[in-house]
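Both complexes below contain chain A, partnered by chain B and then by chain C.
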Partner chain A sequence: MSGYMSGVLAVLLINTIIAYSVFLPAAAGLLNLGAAGFVLIGGYTAGGLTSQAGWPLAPAILAAGLFAGAVAFVLAFPILRTRGVYMVLATFAFAEVVGGICLNIPSLGGATGLSVSTYAGLPVVIPTTVCVGVFVAWLLSTRLGLAMRAVHDDENVSLLFGVNLRMVQVAAFTVGGALGGIGGALLVHQFNFIDVQTTGVLFSIYVLLYVLIGGTQTAWGPVAGALFFTVVPEILRSMSKLDASMKFLETGRFIVFGIAVVLIMIARPEGMITRTLIEKVQGLFRRRSSPENAG
Partner chain B sequence: MQSAQQLINGLMLGGILAFVAVAFTLTIGMLNFLNFTIPALFMLAAMVTWALSSTGAHAFAFGLPWYAAAAIGIAVAVVASLVIERFTYRYLKAHYGDATEHALPLVSSLGFLIIFEHTVITLWGSDPQRLDLPFRDMDVHVAGLIVGIPHLFSLGLAITLVWVLSWMLKRSRIGRALRAIAENPDAATLMGVDVSRIVPVVFLITGVLSALAGILYGFSYSTVTPYVGDAVATDAIAGMVLGGLGNVWGAIVGGLLVGLIKVFAISQFGAEIEKIPVWGLLLVILIIRPTGIFGKPKVGKGKF
Partner chain C sequence: MNGAELTLANVSKSFGGLMVIDHLGFTVKGGSRTALIGPNGAGKTTVFNLVSGVYSIDDGKILLDGEDISTVPPARRIGHGMSRSFQNIRLMPHLSTLENVMLGEHWRRRAFSLARGRRAVEAAKSALADAGLQTYPGQVVANLPYGIQKRIEVVRALLAEPKILMLDEPAAGLNTAETDDLRGLLERVSARGVTLLIVEHDMQFVRRLCDHVVVLNFGQLIFEGTPDEVHRDPSVIEAYLGADSQPKPVQATKTAQVS
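On to the complex of A and B.
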């Protein structure tokens, strides 16, 4: 695999982890526009631990996840007081405050950013992503996952049926925050560098888009969303090199991409991968194996 | 004297933020829709004005007088805003009954933000461009303080427009229809309000306000880039929340407040600190009093 390809793959996988960090709250009906905050917390924690405290990579990633999760847990109680648009804005404000704080810690590089020498290549990124994906899929299959789905569909009804609304939402937000921290920890060691600009204004917005485009109903959604956002621009870029008439794609590929976002939302307002889609696909296979059941 | 000058600078920046905050608050108050295309409209108008009014090798370098270029810039932004309405709000309303049930308008408006930013980058590149305009150096010196004419004009215009807007919402037929839609779109339809014809008015006003703000920003700071809208819009969102969602006067106060906080924080503690006071205050306000300073508790309660 060429260096370029493995770079794209690593970014895709890290994006998937960060997408899961927003997916979990979204699956419980909470829109989190603060992904950048948890990514920065995780990135600076892990980067500081490996570069300045001399920790090995694995415990640093774990510590970053735990610390980001702890911050998310503490933050969840005040943030969950807000609803709808207010919650989106509160999480966004949180990310901006974290960015502002990171910028003002001189020991972590301040405005010049933090450089680390430990490198996390594909041998680290691939197993971590697989673990995160399996963990999220498992979480959705548990009682908590069912409760999250119920809360997502209707808060009041799930409350009437005895779901501990606050507990479910705090859990989803906390685990999401921890995953964001892990994603940030991988990000800083993949690029060997982090600064506040790594997660600009549009970063959290893009991550929320991964999740909403991919679909919030199944664990495949964030994978599909991150894949779409990472691969489609790359395909368009390589298409621009094929032919002189495609040259406009070189700079204009994001226009095509933006149009694709709008069209996908029109065709599939619940995201690309929905529960019904998966059931349909499973139905196709079932019918093929046992034709007598086909009605 | 120093702090008096900072006060003026803060109010002048706040004047532009107030404009954008009013555009945000109007869509969210009337349609319960956080319109992320506002930064794109802001930038589009500023960039079109620059492209048409300057001469050079770039596309559409017609060297038009500034007022013609600005008028075309506003027109382009308004048309863009109506296109956005067609594919976000109206489409959803027609197909899914409730436009705010899905996160779709949010995602689609972000899609449009990507489309417009990259259209501009494709046409004119991503470098900052210099907007040379007649009143760039027209500052008034009052008792040793410097007041920029475009800033002063934008603050005055913002207050005038909001005054007209709030009068319109209160008294005119369209205003009554808009308030009925804000209250309950279905009931408004039953009462004979043609929702599909009234809703574009909100987008039209949004387009005009964001475009005016973008052009005034270009006049005031004489530089425009394809990303100019992003930072301004996030500050304006902060201003909107401080003032209370859906409240036009609140948006003006909030916008001015954010401008003041930013300027004072930068002058006191340096540029690196500016995010903490604005967004920290916002976070605290959202948690303690989620409706903002003047907001009504009803707005923004929908799923999305």
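On to the complex of A and C.
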């Protein structure tokens, strides 16, 4: 695999982890526009630990996840008092505050950013992503996961059936924050560098889009979303080099991409991967595997 | 199993300046099949909402087997032995039938136990089969017909293993065959000792299923008795049932009460 390809793959996988950090709260009905905040916390924590405290990579990643999770837990209580668009604003404000703090701590490099020498290539990123994916799938298959999805659909009815609404939402937000921290820890060691610019507002918006476009109903949604948002622009970029007639894609590829996003939102308002879609696909396989039932 | 006895003692509830439940008191005997009837706006659904904890009461007491539950948080009330369905279908549209139904017994499960544990799935499937819904377990409920969804709500409430089951218009929108199936299901539930409290406009359904009827109007109790007594009572006929033999007084009183 070329360096370019493995770079794209690593970014895709890290983006998937960060997408899961927003997916878990979203699966419980909470919109989190603060992904950048948790990624920065995780990135600076892990980067600081490896470059300044001399920690090995694995415990630094774990510590970054735990610390970002702890911040998310504390933050969950005030944030969960807000609803809908106000929650989006509150989480967004949180990310801005984190950015501001990082910018003003000289030992973290301030505006010049933090360089780290430890490198996290695919041998680190792939297993971490697999672990995160398996963990999220397991979480969704537990009672807590069922409760999260129930809360997403109807908070009030969930409450009447004995779902501890606050506990479920705090848990979703906390675990999401921890995953964001892990994603950030990988990101800083993949690029060997982190600064506040790495994860701006646009980054948080993109990650939320991964989840909303991919779909919040199943664990496949964020994978599909991250895949779409990472791979499609790359395909458009390589297409621009193929032919002179495609040259407009060099600068115009984001226009094409934007149109594609809008079209998907129109065609799949609940996300690309929905429960109904999976049901249909499973139905196709069932019919194919048992031809005697056909017709 | 002994069904729970539910008592509303002098319960009141206002929304703004409007007194929706006005010093209401009645008892649903343990193991009975009680219907709660009355014209639209009489406060039937509000009674359900107060008992299940959607709203808190302004005054009075709600007793379940003698214990005042009016201050118990809504999420804990299901643990006291009550569950309910809703007038407008309130299933989780993105969950499968099985998952919706399993939500009924959610309050008894630990957070990190597998949702699809074998025993939980078997219990849910057999409850679905008992209601004639065995063909739908894996399907997302949003794609199912209305009558099926309506019955899934009943099964969900049943899986909570309540001592009192409160159903808000369970037969509304069902065809005759579905209504008969539902009545059969509820008779089997009642035979297990579960108390039934049912809001229903289908009077034939009420007459066949229920042994006790509570009639509300404007948030107050206007009559209670057996279905036959209710059908003969002039105040009930006037407020709710209507009678072909005496249409004029019914119309006149209604207008007078509204204005």
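Everything below uses one rule, namely that the second predicted complex is superposed on the first by the 292 of 295 C-alpha atoms of A that agree within 3 Å, B and C clash if a C-alpha of one lies under 4 Å from a C-alpha of the other, contacts with A are read in each partner's own complex, and residues count from 1 in each chain.
Methods note: contacts are C-beta pairs under 8 Å (C-beta built on N, C-alpha and C of every residue); 3 or more make two chains touch, one makes a residue touch a chain.
Because the structure is predicted, anything quoted here is derived from the model rather than measured.
Engineer: Is the number of chain A residues in contact higher for chain B or for chain C?
Structural biologist: Residues of chain A touched, chain B against chain C: more for B.
Engineer: Please work out whether A:Thr251 is in contact with chain B alone, chain C alone, both, or neither, and reply first, second, both or neither.
Structural biologist: A:Thr251: touches chain B, not chain C.
Engineer: If we overlay the two complexes on their shared chain A, which of chain B and chain C does A:Glu96 touch? Say first, second, both or neither.
Structural biologist: first
Engineer: For A:Ala46 in the superposed arrangement: first (chain B), second (chain C), both or neither?
Structural biologist: neither
Engineer: Regarding the shared-chain residue A:Gln217, is it in contact with chain B (first), chain C (second), both, or neither?
Structural biologist: In the superposition, A:Gln217 touches chain C alone.
Engineer: Touching A:Arg143 in the superposition: chain B (first), chain C (second), both, neither?
Structural biologist: A:Arg143: touches chain C, not chain B.
Engineer: Using the touch definition from the top, say if A:Val163 reaches chain B (first), chain C (second), both or neither.
Structural biologist: second
Engineer: Sort out for me which residues of chain C touch chain A in the complex.
Structural biologist: It comes out as residues 52-54, 74-79, 83-84, 86, 90, 92-96, 99, 102-104, 106-107, 109-116, 138-140, 142-143, 156, 160.
Engineer: Can you tell me which positions in chain B touch chain A when the two form their complex?
Structural biologist: Those residues of chain B that touch chain A are 28, 32, 34, 36, 87, 91-92, 96, 102-104, 106-108, 110-115, 117-119, 121-122, 230-231, 234, 237-238, 241, 245, 272-276, 278-280, 282-283, 286-287, 290, 300-304.
Engineer: State the interface residues of chain A toward chain C in the complex, per the touch definition above.
Structural biologist: The contact residues of chain A facing chain C are 141-147, 149-150, 152-154, 156-165, 167, 171, 217, 274-276, 279, 282.
Engineer: Under the stated contact criterion, what part of chain A meets chain B in this complex?
Structural biologist: Against chain B, chain A makes touches at 29, 31, 78-79, 81-86, 88-90, 92-94, 96-97, 99-101, 103-104, 110-111, 201-202, 205, 209, 212-213, 248, 251-252, 254-255, 257-259, 261-262, 265-266, 269-270.
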